[in-house]
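Same chain, two partners: chain A is paired with chain B first, then with chain C.
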Partner chain A sequence: MNTAATTTTDEHADSHDHEHHDPRLAHHFDSHQQQFDTGKLGIWIFLVTEVLFFSGLFGFYAVYRSLHPEVFLYASQFLDTTLGAANTVVLLFSSLTMAWGVRCAQLGQSRGLLVCLVTTLACAAIFLGVKSFEYTEKAHHHLLPGRAYQSPEHHDAAAHATAADGETAAAAKEAEAAEASVHGDHGDESLFEKTKHTLSYMTTVLWGVIVLSGIAFGLLFKNPNKKTLATIAGCVLVSAIGMQLGAFSSIGYHQLGHAEKPTDEEIELAETVPAEYAKQKEKIPEPMLARTFFSVYFCMTGVHAIHIIGGMIAISWLIVRTVHGAFTTYYFGAVDFVGLYWHLVDLIWIYLFPLLYLIN
Partner chain B sequence: MSDHVESDAHAENTQSCHVHIVPVKVLVGVFLALVVLTVITVEAAKYDTGALDVIVSMAIATVKASLVVFIFMHLWYDKPLNKLAFFFSIVFAAFFLCMILLDSHAYDNYVKGFTEDKTPEFLVKEPEAAAPAAAPAAATDAKPAADTKAAPAEKPADEKKPAASEKPETDKKTTPETIDKTDSK
Partner chain C sequence: MATVVDSSNPKSDFPIQYRELNYLNCTKGWKSWFFTLDHKRIGIMYLIGVTVAFFLGGLFAVLLRTELLSPEKMFLSADGYNQMFTLHGAIMTFLVIIPGVPAAIGNIILPVMLGAKDVAFPRMNLGSFYLWMAGAAFFLAALALGGLDTGWTFYTPYSVTTGTAVRTALLGVFILGFSSIFTGLNFIVTIHTMRPPGMTWFKMPLFLWALYATALIQVLATPVLGITGLLLIVEKTFEIGIFDPRLGGDPVLFQHFFWFYSHPAVYVMILPAMGVISEVIAVHSRKHIFGYRFIAYSSIAIAVFGFLVWGHHMFVSGQSKVVAVVFSAITFSVSIPSAIKVFNWLTTMYKGSIRFTTAMCYALAFLFIFSIGGLTGLFLATLATDIHLHDTYFVVAHFHYVMMGSSLVGLFAAVHHWWPKMTGKMFNEFWGRIACLGVFLGFNLTFFPQFLLGTRGMPRRYYTYLPEFQNLHVMSTCGAYLLGLSSALMAATLIYSVYRGKLAPANPWGGASLEWQCSSPPPHNNFDHPPLAGDPYVMESVVYNEEIGGYVPVECQGANKGSVTASGDNEA
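Showing the complex of A and B:
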């Protein structure tokens, strides 16, 4: 113990004498190996806290599903399995490129690392783009958590209610209000148009990002020291393009579904839901409880999306550092650690996808 | 002399970092396996296997997750301490979920009794919307009220027993009576 302490101080003094202390090695570490191992344990502990954090949400899900399985059966039909599966594959691919990037970093291939990181960032952005399409669509269908939720067949029930007229006044009023608000924009076509319209704001943002990154690249040409700024602009540009790509490919997919089969089960609420509803009428009290499914859905996917955004920021930071040539064969800890975090985010999606989308 | 050797060794130590590097073939293979498993889980969900559904999809998800954890996250080649940390996080998460699920059904009978006592509006709304005539609905409304008068009388008697046995009985009782009512009307 004692001897070890003396040798470390000796080495420390030694390195200071020689005046070439490695800036990549923090003062309190003996070697890069030690620094890497310490960091790795740290990131694993962080991942443990993440697992436990998400286990709370999974507990919410498990309790709610075990108590009300019919709500999940009913409500998960509003989630588009194809989009979910596509998102899963995109995220798995980003995981592959991240793992490949870690490999490149370990081998000191900085160009390969850069390509892998940019691909990962783009895939993350595509994931968010598809997710934003899904969220926008849900918002226009009023499939929202809590009070914002409106039952998709509410107007149908309201029509019955006004005929039967056996309810409390408050419920009837609520139903009528829902009918009034839904009636104007009910057709699936118009809802889809509204979704497209909302997403068109994303295009405006993309143009803004293109202009700003153009300015940043212009500054780079004038002054080569502006590398960091230009790289950040490039990351934002890649993210914006990726989101655009994701959103518009899901719009395209939706349009394709429209053209090919007019009664597509997952998407078209107008045709399918009354039939489904009629089937389940006796056993499911959905209108009150279905909103809780959307609370679960938005809570879990929302927290996951926040993690994706955090991961994108971390990956952008890695890209900036890679451009500056920070990583070598003995110093790649940051890449590995962000990679571990990214794989955990992927892992959570691997569980979320079947739990939310694939309920039969 | 000895000092020189020492510093040499030191330089070699600090400038290296020995880790396991996963070959590209393995990475791509794992990715393809993950995609295949995703396709399988989507296809499997189309077949109605009842309660087995969740188990199958969770089993596939766990296989996928372990592929990611062991290969992409290098946990297979990692230090035992990191393995242990992650292993215990999973164990405690599982423990947590099991405890929650054990507890969550403990009050089922009370909840059922409560819903029978006073039917919430969302339960009332459905049958009335379905039934065209108001008269049978009124009859069913009256019937649970009569039942619930009986139910509290029963409750103190078998307080010690878990109330699971008595509830289905009341269910059975209600349905024939209501049918009788509607028939007579």
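Showing the complex of A and C:
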């Protein structure tokens, strides 16, 4: 597959010799080429399983979107396209740096590799920072999956709930109670303040992490025996800074005047599109089903975010190995494989973004 | 009997029969087992785990059958009965049959058959074993946390509303799924990249083809089960309205997701067993396998078609008629590759010199039972008859004929066929055959009456029944006891051989594939040099040698008379 891997010269004629001279070649392989091909095939198959794993979610999306198109139309209004787009750009850029890193590894440029990997890690962290702002904001609007969901049009929800039959009466009471508790901060301003307030827990913790990992990194940096620990501290530092950056830029973006809740006109506008939907206008929004959208949203982006975190761990592991000089021109498989994984995680986001944010 | 070793005696022409240092004893202590990266040791650990799970699931089965001796309540309440058949089914499917042949036998044999030193990713291999253990632990936890009463299928909406430990069990299934995926991934890569010189795709033993097809299914179907289980957990926890109709969800969607995995999964269970049968029948009939390419391609065909038939489990779940007809038609076509295999096995035996070794006896039992199981599948695939037979004992009998009678009997055949290779010991053929006879008779006595019960309208998953069904139920229960005792006898025979059995030669049955070329049990690294692979079914390439008590390559026969003893593993 890759020409660089063929440059290996140290194939053992005497392959049962237990003392491999090259610690980079596992004992059950005959050559670096074989080892590389094996890993490459393995990662591709793994990616296939990942795609299938997500395909369950996409299937679920397809079924519900075709069953209840109006729900998707209505509810996707509440997702912030700008933040979604910003995250898309961040991830695309991180794919670039990752690919660049693989190139550096093939050419044996370990300094370049390090820079690329650290940038990729930082981008991943920024993505998570923005995502945590979005999640917090959704939570304060009660745009949550399942029972936690509350119609954005609170009074409607209450009316619906009281009209509902006995089975949902308990849920209705619950909803009313919840509504009563949040009554008074209906305004966009106060909701935004609440979001900011909740996020401040995260940012405070992140400040702490930044300081601690910064100190650890500073102390360990010079000690040649503590390379691994120092690098891990460095990776934590980069991740924390990245997340902080993401969170604060989203807060700043909102502060610059932005309506996070669609106005009635906006909703109406959205509703005019499919004729069928317009006919149902009186009955909408149907909160019982609108929450299905947020179920889809949280399941899909949540599983994706878990994959981002997994990728960050893998990239940090690569950074540690790079610092130890593990990769050379004929041994760079791990970088290549994590890179492929990272591209897939990006690709999934590239699908999620339009499917969730850009409806209508 | 002479034991032969080469490193100490370069004059010997015989292949090494036995090494004092082999994979079983080259390192000692529990750590050398629990942290081993050796595929053979991992396989042995799987085998032990699968056996324990099998006897646990079997215990549940015996209790279930005992309850059914009489239409009145004996000792299980309706709820207790529900929980017991659920755990029986879940344990047998996810912990026994799915990992049985691929993870246990496949792990031990596949790399040796390939002449490789190990699987492609030894660490992932160990990891998948630990995932299996974790999954098993979750199942036990589900048992302790109040059981599970949904049936192994976890159908919604009941699974969303029941108060039993659905989440714990689903987490177990999720984890076991990943164990299975990693095993499959490992096998695909190993077969692609680590074949020895001379082994082209069509010189591969058919067991490897079968494992390859199985691995494809494991990799392509299991992730869907994983995400489905996860979604059901989320549904149950946060009530997100995916599968729960009260919240606007679609319960039939769950059935689609579930069977999209679980139908292919039945081929994960049967394909490796079919691979075993191809090996066993050829070796013990001393004849080249008939229709090699047909058997190989039919494995792949089964794997591919297996993905297109899941709807046949949902004929009465409210599918559209057109869809039902299409699924029915494709289901019929799946039986074609299965039948191709059966015909080829029969033709292989034709004019062969068949030896009724224990492994061969199990293979013959497989042929008989699988034919019945497969043919009754066609009754179920027919729309009109399935309306009547769905959710009756007929279905129960059908899938026990294919899962227990075929997949597990295939596993038994594999264990007996490769036992000398795995343990280095010969078991007692007499008791082995008695156990096989008991398994065969007990099995048919248990499940044949269930076909009759089903056609007469006995529904499945009930702890009670109309009095007129009692005779057949009692017959079935008696069969279950015989089956249980015979399996215990089989296990006892095998375990006894580990301590008291004769030392096994390298090639006791006269197989021509690579695993018979290395000593029994194999050394840590299997082969010193990657061996040269030829046609794995030319049985004339080996001849019996009195002195050794096993088969040796024709080239060596008569050349050497010297008696030599083992001196150790050259790896040490």
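As a convention for this text, the second predicted complex is superposed on the first by the 281 of 360 C-alpha atoms of A that agree within 3 Å, B and C clash if a C-alpha of one lies under 4 Å from a C-alpha of the other, contacts with A are read in each partner's own complex, and residues count from 1 in each chain.
Following the convention adopted for this analysis, contacts are C-beta pairs under 8 Å (C-beta built on N, C-alpha and C of every residue); 3 or more make two chains touch, one makes a residue touch a chain.
As the structure is a computational prediction, the values presented were derived from the model and not from experiment.
Once the complexes are laid over each other on chain A, chain B and chain C both fit without any clash. With both complexes superposed, B is the one of chain B and chain C in contact with more chain A residues.
Residue contacts after overlaying the shared chain place A:22 against chain B, while chain C stays out of touching range.
Legend: residue contacts after superposition of the two complexes on their common chain; A:52 is shown touching both chain B and chain C. Of the two partner chains placed around the shared chain by superposition, chain B and chain C are both touched by A:289.
In the superposition on chain A, contact is made by A:38 with chain C only, not with chain B. If you stand at the C-alpha centre of chain A, chain B and chain C are 70 degrees apart, rounded to the nearest 10.
Once chain A of one complex is fitted onto chain A of the other, the partner contacts of A:30 extend to both chain B and chain C.
In the superposition on chain A, A:322 makes contact with neither chain B nor chain C. Of the two partner chains, chain B and chain C are each touched by A:67. In the overlay built on the shared chain, the residue A:299 is in contact with chain C alone; chain B does not reach it. By the touch criterion defined above, A:145 lies against chain C but remains apart from chain B after alignment on the C-alpha atoms of chain A. After the two structures are overlaid on chain A, the closest C-alpha atoms of chain B and chain C sit 5 Å apart.
In the superposition on chain A, the residues of chain A touched by chain B in one structure and by chain C in the other are 30, 37, 41, 45, 48, 52, 55-56, 59, 63, 67, 167, 288-289. Of all the residues in chain A, the ones that touch chain B in their complex are 11, 14, 22, 25, 30-33, 36-37, 40-41, 44-45, 47-48, 51-52, 55-56, 58-59, 62-63, 66-67, 81, 85, 88-89, 92-93, 95-96, 98-100, 103, 106-107, 157, 160-161, 163-168, 171, 281-282, 284-285, 287-289, 329-332, 336, 339-340, 343-344, 346-347, 350-351, 353-355, 358-360. Contact residues on chain C toward chain A in their complex (touch as defined above): 116-118, 120-122, 181, 185-186, 188-189, 192-194, 219-224, 226-228, 230-231, 234, 238-242, 246-250, 253, 257, 525, 527-530, 570-571. Put simply, chain B touches chain A in their complex at residues 7, 10, 13-19, 21-22, 24, 27-28, 30-31, 34-35, 38-39, 41-42, 45-49, 53, 57-58, 60-61, 64-65, 68-69, 71-74, 78-79, 81-82, 85-86, 88-90, 92-93, 96-97, 100-101, 104-105, 108, 120-126, 128-132, 134, 137.
On chain A, the positions that touch chain C within their shared complex are 15-16, 18, 26-28, 30, 34, 37-38, 41-42, 45-46, 48-50, 52-57, 59-60, 63, 67-68, 145-148, 167, 288-289, 291-292, 295, 298-299, 303.
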